[in-house]
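Each of the next two complexes has subunit A plus one other chain: subunit B in the first, subunit C in the second.
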Partner chain A sequence: MEVGSTSSISGMSDLLVVNELKVWYPIRKLFSIVGYVKAVDGVSFTVREGEVVAIVGESGCGKTTLAKAVTGLVPITSGNIIFEGVDITRLPGRTIREWYSRKVGLIQQDPYGAMPPFMTIRAILGEPLKIHRIGREAYGKEVYTALTDVGLTPPEDYVNKYPHMLSGGQLQRVAIARALILRPKLVLADEPVSMLDASLRVEILSLINELRVKYGLAIIYITHDLATAKYFSDRIVVMYAGQLVEIGNAKDIIKKAMHPYTEALINVIPDPDPRNRLIIRKTLTGEPPNLVRPPPGCRLVPRCPYVMEKCRTVEPPMIKVNELRFVKCWLYGS
Partner chain B sequence: MSSAIAIRRTMLRHKSLLAGTSIITAFIFISIYAVVGIPYSEAVRMWNTLDYWEDNPKLAFPSWLNAFLSKKLPETVILSSTDGGVKVRQLLPFGGGVYIRVEISFNYEYDDFPSEVVLRLYASNLRTALVSLTWIKPDGGEFIVYEETISSEYRYYSISADRRFQTQYIKYVTEKLGESPSYDISPEIALFANEGRSILSPDTKEVLKGRYRAVLIFRSSNSEADVDVKLSIYGKVFGLVGTDHKRRDLWLAVIWGTPIALAFGVIASVVTVFLEMIVAALSAWYGGLVDHLIQRINDVMLVLPFLPILLMISYFYRLTIWTLLIVVVVLSIFGSGIKVYRAMFLQIKEMPYIEAARAYGASNSRIVFRYMIPKVLPTSIPNIVLSVPSYVFLEAVLALLGVGDPAAITWGKVLEEAFTGGAVYRGYYHWILAPSLCLVVMALGFALIGFTLDKIFNPKLREV
Partner chain C sequence: MPSVLEVTNLKFFYRTIAGVVRAVDNVSFTVGEKETLALVGESGCGKTSLARALMRFLPRNVAELSGSIKVDGIEVLDMDDSEFDRKIRWRKITYVSQAALNSLNYVMKVVDHLIEPLVLHYGMRREVAVEKARDIIVKVGISEDFLYRYSFELSGGMKQRVVIALSLISNPRIVILDEPTSALDVMTQANIMNLLKELKEGLSVSYIFITHDIATSSELADKVAVMYAGQLVEYGPAEKVYVDPLHPYSKGLLSSIPRLRTDTSLTPIPGSAPSLINPPKGCRFRPRCPYVKPVCEEEPPHITLGSEGYVRCWLYGSR
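After this line comes the complex of A and B, so read on.
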């Protein structure tokens, strides 16, 4: 499947290729496995060097599992994750720890929970350096640089503090510093601003973007908020019920959503214009499908306003609209 | 500097912490005093050598008891031919041997009779010798207590145990007063009582105060012979905490029991809690087969009774106090503690910061030791402190059951001897109270600290 592989067009090389990735969580009863939660069910996309890809979808659609799979934190059922030409699903755990974990950074959603409460900021930032045996003499300097990079200046004021002494925004900056301290190529930002105060969100996203430019990072930005995805990312990948439903350039997707689900997501972006306040917007009814036993056809069938007979029985393929645009919907092909 | 101030402030806020810390600090000072003052091997040797204690009274009460009594109990008086005595040595004419007269005189001003009177003779160069002891009371009454031919260099003669003298004396009193006494006059009473009618009843007998004289006559055919005398009039009070049935000063047991109890309790509780935490963390972190294995072993160990196994081990192997410590630790690791910590670790395992650590490449052992254990450490510190006294008590209980180091000087060992010596029913309360009070006060100290720390570390408990 050639989905999303657009390296020939941009001229940039693919940093990460995710191919037909499946992450199924087994449901155990007594001694046997009675079924699987298909949290990620056949996902393919690519991330090029220096690119920001937003993965957008509602709660429970598998975004976080996808992020964990890409970071190497959950066992993969099938498929490949190819990073710099190396299939990490075939690597032994030790190599993942020693090589891959240096190349990929993770920024989590909850800045309070993401910090070991018993360590000082210096120790927290020093941990990745210690684990990857980055020289003692460089250690202090790296920590200070990292703190300066994320705008916690002067760093001396922060290094001896404990996480509970900092605010959520400051902690998220520390988390970003920690994700970047090993100079990774790819950063997974798993809803990095959704737990922060609204006033801080743009600030933190701008900071991530600034650092992306400075260090030439590729970023996978996971969010349920299309508005920030539009502001922040080059490309958007829309995820629904464990599958990707639409891939395209951020601008194109926001301008004209093709998939009914994307359309619904765009419809719920808050509109700042007070004249539109009385307009009742179209929202999807119903619930996302059960991921243990997903419906045979398109997974959006119960909620889709354009549902056709074909949708109920045959699962739509990823349909290529143009070189950059893919959509998984029968409306755009036979 | 700021942490010192913080500690002081916490101390002042929580008076119980201050009290507990003072108690434990006092015990620590006693331990240092014991360890520095008397090396352990020396202390053990002293404790188990009976000769060392021969100048102490048996089962004496603490001296300070006299401050609360109207009738003063006697202290011990040790007299000898060189100290408090006058020795005259005469050679008999025509090579007839030697005549030695030792006169010992002393004042006896106590209100009660001594507990025991013992005469020790240290002779030299004798083939045989005739020895006699004459006792002269302050009122001039005098009688021969003892007469014997000796042939050994060392002669231990307990007047208190001399039945012959006792019967003779009772006969003598009966003749003198024309009435026989209503009880068996013991030799100590015979030696020190006023020989009026008051001696006839145990309720009216009284001490004759004044200057006593004991005269020892020694005659040997060998003119080279010589003799030294030690007359021990054992009192009824001794030292700060009294003595036991082997004349040993219980003070030694109290001060050397302290470092042993502290070391045993602290090591056992710290090591046990840490090992429990490590095993629980490994169980929770690795999950699966490892978890199953550890939990099943734990379940089995939970069911097995602790004390019978320990007793059985003690019957098969000779345990010293430190091997006992190891056995106790090994048997206590597996237990409900592992279940509790495992539950905590299962929760911690899912925390985002662990996920972050895995994402930046932390190894399994690093996650267990650097990320999981430090998280529960603060909540377990009160537990560590609170379980110290239970191990100290455990040691005492085991000593009472006869398990443990027979040579070690522990509070439990003293209690065991007091118990077998029938201390309570014979009224020697100090023998039981000295070690028990130490145990209770130490437990109190740790409990005060532990409960306060619990309040500080787990503030949710504060309101309950």
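After this line comes the complex of A and C, so read on.
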């Protein structure tokens, strides 16, 4: 097995290449910076055209920060984001920004918080069109098409409503419509269904998938739920404490987790089964590490059942298992 | 042996400007000693309302509360508020509300949260109550030192443990858990479910476990009640309902759940739940049901299954 970077699998069809990305939030006291929250700390992965990549991890591991960095909503500390071959971190000009913001859409984690409460659905969907100066005529048409696409029909019934008049599921459909209205190539969906009822989740995820096929989108699906990731993604990227710990084909990862953290994530997810009540699940106890001063070796050390001496002092590299599988753990390398 | 809780034909309606909301409409079930009943169903189907009726947490706009609720064989709907307060609420039945995580006063120490009900409602001496608090906090898996921490110093998982401790400190017969883990992370959720399993064994307590998440419900349930639009459409043992559900709605719920360990295909239930003000005549699931037939416009029959289970559906009735 060799030590490799995930970007070694990148080829011509890579839509997005994220390379050694760091996003550190400064902690300020009075007028000086006294430390950093290392929310994203050296993350590399790729997304191919039309592909669905799930980013899975516990609360606070940096998923939203990663999504915001990729969409340009938070400044990055170091590393590169390369989209369609253009390094958008190196070319911060206005034209690049404008070009990029049309190519990438974001469905935010909290649809209620993300929707301006005093704007009608028409205005909410029209805003990106207005910003990008898309003709007034198209404006109405595009809004109607967008609503029809997400199943809010007839659109006339919805255009004049305000967010509070819609149910959670309907509001999430509007959020999807908004993320797609500029016909992006890549959509980041940040926990698009975690606020919804279990019975609605599959419906909304299927809708996203239908639109992906219809418009040839690539999707980054952010979630803490491996079960939906299994169904709705081609590849899974597992994140822990600001770093990626395992990357692989969705089916392969679910069938045989390699990283102890991935293994634990799989162990704790129940399928509906009457025998569940008779077992005590193997879980990780304790909490993820502090992201201001993370431990020197592997970040899972305090919680890992397989910890070895080396793990405490030396950070494991991302080890290449094969062309598609990468794992950041000393169990798989010397 | 009488059941700990026996609910028969319970109705609980709200009055609103738009009309009467039939949130709990003719609901019957029982909960036995050390038994867990999972109450599952979509958002807005009336799960929390059912808990409110059992706890008698009544808003001003109650239009009707009727039927029978027996706790240890004693009818409680006949009791006046003060008797209910003295004998039942917090003594026999306790409630972990959906918003409990955020309801802890964050400038209060954990110990003060825990002893408050004992000192206030039971007139227990402070020292005795603190001993009880020490006892229970260890049982929910938190170290004693945390008794003197403030709630704002606790993580979400720890807060949920404190809330659970609070629901157990009065040695209740039955605890209603309303979405106790929905706001928590997957790992924390599993740790809390493990805790609830251990507590159930250790302290002979019964649970009503309310959730919209069928997979999580199977972590505790001995029996399952499937609620749809204010009514229980299917009720039976876990071995039956999770494996071989009968009602088309239960079938739909189970086939829309992504599973990690098997490759089943997913089929969401089409449409959305009806208004509880003007529910469809006859079977309320009729507009979304793949097996619908003309007779479904009439009130569905109540088909008894096994010793106490039932399904309400024309597929299994005569005609």
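Methods note: the second predicted complex is superposed on the first by the 317 of 334 C-alpha atoms of A that agree within 3 Å, B and C clash if a C-alpha of one lies under 4 Å from a C-alpha of the other, contacts with A are read in each partner's own complex, and residues count from 1 in each chain.
Please note the rule applied: contacts are C-beta pairs under 8 Å (C-beta built on N, C-alpha and C of every residue); 3 or more make two chains touch, one makes a residue touch a chain.
These figures come from a predicted structure and were not determined experimentally.
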item: Room on subunit A for both subunit B and subunit C (clash or fit); value: fit
item: Partner chain(s) touched by A:S59 [first = subunit B, second = subunit C, both, neither]; value: second
item: Contacts of A:V301 with subunit B and subunit C, given as first, second, both or neither; value: neither
item: Which of subunit B and subunit C A:S167 touches, first, second, both or neither; value: second
item: Subunit B versus subunit C as contact partner of A:V37, first or second or both or neither; value: neither
item: Dominant toucher of subunit A (residue count), subunit B or subunit C; value: C
item: Superposed arrangement, angle subtended at the Cα centre of subunit A by subunit B and subunit C, nearest 10 degrees; value: 80
item: Partner chain in contact with A:I82 - subunit B first, subunit C second, else both or neither; value: neither
item: First (subunit B), second (subunit C), both or neither touched by A:M115; value: first
item: First (subunit B), second (subunit C), both or neither touched by A:P274; value: second
item: Overlay on chain A, subunit C to subunit B nearest C-alpha distance, Å; value: 16
item: Subunit A-touching residues of subunit B, taken from the complex the two chains share; value: 351-353, 355-363, 366, 370-371, 374-375, 377-378
item: Subunit B-facing residues of subunit A, complex; value: 68, 71-73, 96-98, 101-102, 104-106, 108-110, 113-119, 127-128, 131-132, 175, 178-179, 182
item: Of subunit C, residues touching subunit A in the complex; value: 36, 42-43, 155-156, 185-187, 189-191, 193-194, 197-198, 212-222, 237-239, 242-243, 252-254, 256-262, 266, 268-269, 272
item: List of subunit A residues in touch with subunit C within their complex; value: 58-59, 167-169, 197-203, 206, 224-228, 230-231, 254, 264-274, 276-277, 280-281, 283-285, 287
